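Note that the chains are named A, B, C, D and E in the order they appear, and that numbering of residues resets to 1 at the start of each chain.
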Amino acid sequence: MDFDWMKIPYALLTLFIVVNYGMLQNALIAKIGARVGRRRGIPIWQNYADLIKNYSIRSSITHGVMYYLGPVFRLSGGVGLLLFVPSLYGSEMFSNLSFAGDLILALYFIFFGTLGMALGAAESGHPYAAIGITRGLQQVSAAELPMALAVFSVALQYQTLSVTEIVAAQQGGFQNWTLFTNPLAVAAAMLSFLGSMMRPPFDVVLAPQEIPIGPPTEYHSSYLALMQTNRAIFPIAKIVIYMNLFFGGATIWPEFFLKVFLIYMVSVLVGVVHPRFRVEQSIRWFLVWAVPIGILSIVLV
Amino acid sequence: MVSPLVLIAAPLAGAFLLGLVRCPRAALAVTLATLGLAAAAAGWWVWQLGWAGAEAVEVFTAGTPPPFAIALRMGLPEAALTLVITLTGLLSALHMQDNLAETGHRAMAVLLVAVMAYCGIVLTRDLFNLFVFFELAAIATAGLILLSADARALGAGFKYLVVSQVISALLLIGIIFTYHATGTLYLDGIAAAAAKPALAFFLVFIAIAAELKPFPANGWALDVYESSHPAFSALISAAAGAASLYAADKLLTVGGPAWLPAATAIGIVTFVAGNLLALPQGNDRRLLGYSSVAQIGLVLAVAGQRDVLGEHYHFVAFGLLASHAVAKAGLFWLSGMVAERGLAAWAALRARPPLIFAFATFVAMLAGLPPFPGFYAKWELVRVLAAEGRLVLLGLILFGALLEAGYLFRWFGFALKREPSGEGLACAPSKGIPVLAAVLAAWGLAWQWGDASAQANLLLGLPLLFALAFVLLDWLPAWVKNTLAIAGLAAWFALTLGQYDPLRLIFAVIMLAGGAVTLLASYHAHGRRIGFYPSAMLMYAGLAQLILAADTFSFFAAWEILTVGSYFLILRGRHSEPHALSYIVFSLGGAFLILAGFAVAADGAASFAVADLATLAAPVAPWVFLMLAIGFMTKTASIGLHVWLPGAHAEAETDVSPMVSGILLKAGLFGLAVLLLAMGRQKLGGIDLTLAMLWIGAASALLGNLMAIFQEDAKRLLAYSSIGQMGYALFGLAMMNHLGWLMALMFVINHYIYKSMLFLAVGGVAKRTGTRDMYRMGGLINLMPLSFISVLVGIIAMSGVPPLSGFGGRWIFYNALLTAESRLPMILIFFSGPIAFLYLFRLIHTIFLGQLKDEHRRVKEAPFWLMVPQMIYVVLLIAFALVPGVALRQVDGHLGGLLPAGGLSWDGLTITSDFGYWNPVAIMVIVGIIFTTLFLWLVFVNRRAQKVKQFNIVFAAERPFRPETTHFAWNFFAPYRKALGFLVQPVATGFWNGISGGLHAGADFTRRLYTGNAQTYAVHLLVFVVAVHLFMTGM
Amino acid sequence: MRALLDSLKSLYPLDDIVLQRPDLAFATVPAAQVRGLLHHLKEREGFTHLVLLTAVDWLEDGMFQLTYLLHDRARARDLGLRTLIRRDRATMDGIHDLWPTAATYQRELKEMFGIDFPGSPGVDDPFVLEGWTDLPPYRRDFDTKDFSERNFNHREGRVTHDPAAHMKRHLYPDEA
Amino acid sequence: MAHIALATGFLLFLIGLYGALTNRNLLRMIVAFTVADAGINVVIVAVGHMRGRTAPILDGAVPAAEAASRIIDPVPQALVLTAIVIGVGITALMLAYAYKLYEARRSLDIGKFMELKW
Amino acid sequence: MRDELQKRVVKGPDGVEFEVEPLKDYYCEAPPAEHPPAYLKIVEDLFNWARSQSLWILGFGTGCGAIEMRPLMTPRFDAYRYGVQWRPTPRQSNLFIISGYLSVKTLKRVIRSYEQMQNPKYVVGLGSCTINGGMYWDSYNTIKRLDDYLPVDLYIAGCMPRPEALLAGFETLKHIIREGKAEGANLYARNFDWYKANQKKVIHDWDMPDYNW
């Protein structure tokens, strides 16, 4: 087998960059949210402190094997998702492990962590965890649909499922971005994006007052630390897919950071000014508003 | 040389002799001996005419030829019919010997006279002589009705006499005017006569037709059937029915083609109406009466089709008649053994498994299932009717047959599943022997018809014989039979391995090798497990023959065999009675559509290769396609036709569910694959039928999955999920492109593996926990870890999450979609994917995770033998995930020959399509490494974790009360119901319930026609005569 | 209000009628008449809301006084009914069938005063005091200070000041 | 002559049939059927009648050699004899039934024997 | 003891009857263990810094002090600036603020929640009631000395203390943590019997396992 072993350190480098960027970006976004509420908000390095704190917790409990493995699944899902998609276009160094599969792999791999996490949380035996999971699954099942339609529209548009080739087709100026060549697909995908970011109005999964933080209710110390690590990676990995599909990808890290940040901000901006949907409301919302746009994008492409 | 006159003379002599005998035993001996002699004579003639090559003879009673004397004819038909009559007489006499001995020699004499009269009706060639024999039969019948223990029989007998008075008057008038016009009473003479008197002959014809108890002029007959002694009812139904039919046949020969439409019309109306009216019957004998009426109507209708049936006429008519005679006589005799008259009272038969076998044989024979004569006859009939374009008649016949199958199988279900009550069974040898004889006759006729048919003799098929052998081996312990069964499947697979192309090989591997693996689970059963192996092996035999079937006949025969085998198998479940019934009704409905489709396609050809479907052209082709597709989609439970599946799969036994779900459903897909391969795209009325299938597949996927998420019962959940999965496969096939097919085949393999695995796992859990309601379970992961693993692997594979094999299916699926021509149906498919995730999570969560219940604290892992196949499946799934190429590469190549564009490239470990690429090994390795690294890191930082118990959860500073109130499981996806519950309104169920309810209500309304008043019945008869006359003159 | 009281007086033996405000009155009735009167007030006079049910310990008289405070939403008026029951083995008919919420008040009275309401749902379940074995604490013969000293560890060094003396010393330090 | 007989026969038959279908008493029905039978017999004989010929009895009056041209068709005569015999048999059987029914139910009303229906 | 905690006889699906003892079968019975600090001082210092910078308060208000905590989240006081935030589950919290008087009934819940938190964990007593009973010094239902029942790292005196006092208290607590002196969880494990004896003395219907994992 002619495997290029240098891919491994390169991939680890990507991982390192993204983890740190993700931690800082999360803090920044928390600060932005705080400023909306006229607070100063957390220090920019707060996430590091929290992470180290959680790893440093000395005791822990376990409810069973799946409970133990849940965060591992979760983080593997995040890391895998990041590495299955090339981070920078045109860079051999940061094309990661994308030789293993194309866009479909990435889209389905999103569920890997979700499933593992759901199983782990469910084994804790906590009803809130189960309630949170069902809410999450139900909401995501509806939110995924416009995304799937949009992805399909894009794949039809470029006649390929390879992320690299999709990005390649968008090079040569922003007018070539899918955002401008197929705005309907992007619109559908961005509505779906709102639903998958666990921010208002789609954050009933966590619902701190009602089912204290939902699925991870029982998770703590190093389990929680793994999940926090994932929180830094996973949204970015997801956004990278959006960026590559719809916003022309990135060729250098600053461009990467900027685009990821701006895409993330979409959900933040919507989130800070909206109350919360109930699950059935969000299902209906996606089916009534987002899905028709996705269908249009497929029909018109 | 035995003179045919023996058949008349011997009973007469016996009857006279009886006058001299006083001792009842001796009288009985004389009776039996006489009947035996007559039967022997008839048998001798059958042998002579059928095998020894003798010619038909005419016997002139007075030594001169007609018209100066009465002539009798003995040909093969006559010989066969007299054999039926005399044998039925003999066995019925045996069956009612106690009653006969009690009533004395006079009754026996009357019985002998009845038999003589029936023989006479068959043999005579003289019109007036026919009348005399009919009158003799009427008198004897009325006499025998008096034998019944039922006090109501008197009234019935009188009604019978009233009606036969009217009939005989009509007959007599008809005869005399016929004679007046033609100058002869010799039938052949009348036939040859130049001028036939239409009205007179009409009277003769209608009188004979009235003897056949046509609808609606048959109320009296039903009362007779209901109230007379069952052995005598057997005689009326089988012997008198056969004799009258033959009389009608003779008249039709005389009358010529002009009379055939009337016969057809009378017959088919009676057939449909008789079966319809049988639906609401609760009394077994009355039901048999309606069924007799219907069957005789069918044969009359066939007699009306003799112009088109030509040389096949006797094959078809006698096939149906023999099926009717043997089965109906057998059923009446069985009814004589059952003490009570309700249909559910037949549950008493369960005490004697051979009687259940007899019951099954008779029901299958009546319903025209292979390998019985009715099946061959039906095949020929439908083939000819389709070729001649008599589609309305064809449709009515199939509709009536479906109704008949409906009530027969419902009854059979009662017998197998209801609680036996009351007195039970009268089981004297004299009662058992006739039944046994009927069973032997049934199988003998099955052989005979197979032999005589232009098609292959089904009883020569090795798989079928192997399955039937298990009937004889049923006394062996289950594990021995199981070993035999597995060995048989494996041996057959090995034996036929060379005969499959890669496409068929996939199905063969699943159905045969896969079947053997599934059967491993059956080792867990103890005892003898009576009835399981014959049914299961019947199903496998059907599957084995289906894959190899080259022509439409063997394909259809295999289809019916697997249907009936799986029906028996499903019926074994504890609460499966209604579900098995809806399964068989839907399956037979689908099968009849397939039959009709094949017949239309064959256009009269005796043998039609399945592959020749490709040669059809419009306007026939789309209709054939439509019928076949709907037939196959019944089996794959596409939405709208799915209502049978959830109950049937869920209520089946633990090791049966994987067979009927993982394996049997593939038969439908196989049919669709064969169909689409041969016929490709068809357009009907401007609609592309494959496009319609695409929509149906998509809708099945969505709605199946959506319904699955709302189930509380684990097995029902899996069953609904099968609907969705089959929807995917249907969608793939209907895309009609290379990758779509590849995806469908991948689904075939995957669905077999994970659905079998899940059904076994869930079945094992249900076995241990004593419930199938998921919310009653919970927290079983530590007690049943292996089951958990198999469910876990199953759901990961099924949801398509990498790195397991389901992902491969999804990947191919997306690639296939990119080349698909229509884009809208895929929206439904896209939606159904995440929904599948919902119910899968529910499955694993509510069973294995969450809170363990009090009563399950000591539950053990599922039985060893249930786990063995599951573990094999786990290994298979992982292996298939790593190297899908092993199975798919060949198929891909094979498909390349059929649908060339858009194949995959199998370069090294990477699989590349026109659009994307995928490297299963790399995915597995990468995910494995990341997972292991993180896991080790967690173990390192978290090495001191304290294992806690199930109530050690944060509970808002309180503590949980009981596991039941802490386990969140019931109505798991309530918001979904709020948002999309309207989509899962049971519309299809309501629709089919409406149809069935409508039929029942209609039947219940129509049967009020039969008021029970003799005069009303006579008026019916007159109205019938007038109506038929108007019908004929109006034509 | 007065009209109401007059009409009630003709039906029930009302006593000690106090018209505290135009829309608030109190009256005393014998314990045996309470249920009937309450029923009448609820069904006929529009007092659909039970505001509270509470008790007063008249230790010296050997009586508990129960007060039922009712509210008439339509006419915005309140009526308090008082009744006296014997203090030893105090028992009273429950009114949880009239107002389900009353069950909670009755449970509280059982726990705090030891007044039993036979048949009231969950009346014996602990309300605030889990595992209480002593006298019901709202009875005036229950010495809470003594109980507290017996049961709880106290931190040393606690000082209590008489407020008057403390303020005096604080404000007029010279005079001390 | 033949036509009159024919008409009489049919009339008798219809009267009998009408009687059988409208009378509720079993015995009356049986009698009515006998009338109808008689009517049919008349019809048969009438059909066999040939003007100017004699009865088909081969005796001195009709020598065997001329029989073919002198006598009327013998077949209906034979038929009618058989029919009468059979008619008698059936009537006897019906009477027996009526007797047994009366024994069982103490009634001869046909409307009383309707427990078997539908 | 409540019915659902009593021993009960249940019948399994196979028809065999057996006993279920909820307190044993449904709850872990292991006693708490002491957890030593990290082997390397520098690592422990880093950890202590992180712990001090990341105080996750359990959202559990016991008395009137609960109302004083809310302003901390508002722009005026904004405790998030100091790495303080609130968590709804004890599993993820490391700071338990006993916000005011503590009745015996609540004490039971407090103990349960405290034990469900993970080592290291800190307890802050808020207001005079937690110190010596305060104005409830003679109440029949309020405990007088919190440190008899839980290891308290810090008291913030007052009736009630203002949010500013709380902020100051957090800073003090951070110092204590950074100095490595906030080992309340280990103290609790070490003196487990003593704490349990005190707790059981006032909680008369002890219907839970000795340590609530």
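In the analysis below, a residue touches a chain if its C-beta (ideal position, glycine included) is under 8 Å from a C-beta of that chain, and two chains touch if they have at least 3 such contacts.
Bear in mind that the values here come from a model prediction, so they are computed numbers and not experimental data.
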item	value
Set of chains whose contacts include both chain C and chain B	E
Chain with minimal offset from the mean of all protein Cα atoms	B
Higher-contact pair (C-beta pairs counted), B-E versus A-B	A-B
Most distant chain from chain E, judged by the mean position of its C-alpha atoms	D
Furthest chain, CA centroid comparison against chain C	D
Euclidean distance of C-alpha centroids - chain A vs chain D, Å	100
Interchain centroid distance [CA atoms averaged], chain B/chain D, Å	50
Rounded Å distance between chain A and chain C, as computed from the means of their C-alpha atoms	59
Shared interface positions of chain A, touching two or more other chains	58-61, 212, 217-218, 221
Residues of chain D touching at least two other chains	none
Where chain B touches two or more other chains, by residue	944, 946-948, 950-952, 954
Which pairs of chains touch, using the document's own definition	A-B, A-E, B-D, B-E, C-E
Partner chain D, residues of chain B touching it in the complex	128, 132, 135-136, 138-139, 142-143, 146, 151-152, 154-159, 161-162, 164-166, 168-169, 172-173, 175-177, 179-180, 185, 219, 222-223, 226-227, 1007-1008, 1010-1015, 1018-1019
Residues of chain B touching chain E in the complex	768-771, 854-859, 944, 946-952, 954, 957-963
Touching residues (chain side chain A, partner chain E) in the complex	34, 37-43, 46, 48-54, 56-61, 208-209, 212-213, 216-221, 224
Residue ranges of chain E touching chain B (in the complex, touch as defined)	4, 8, 10-14, 16, 18, 20, 22, 25-28, 30, 33, 35, 60, 89-91, 109-110, 112-113, 116, 208, 212-213
Chain E to chain C touching residues, read off their complex	103-105, 108, 131-133, 137-145, 148, 198, 201-206
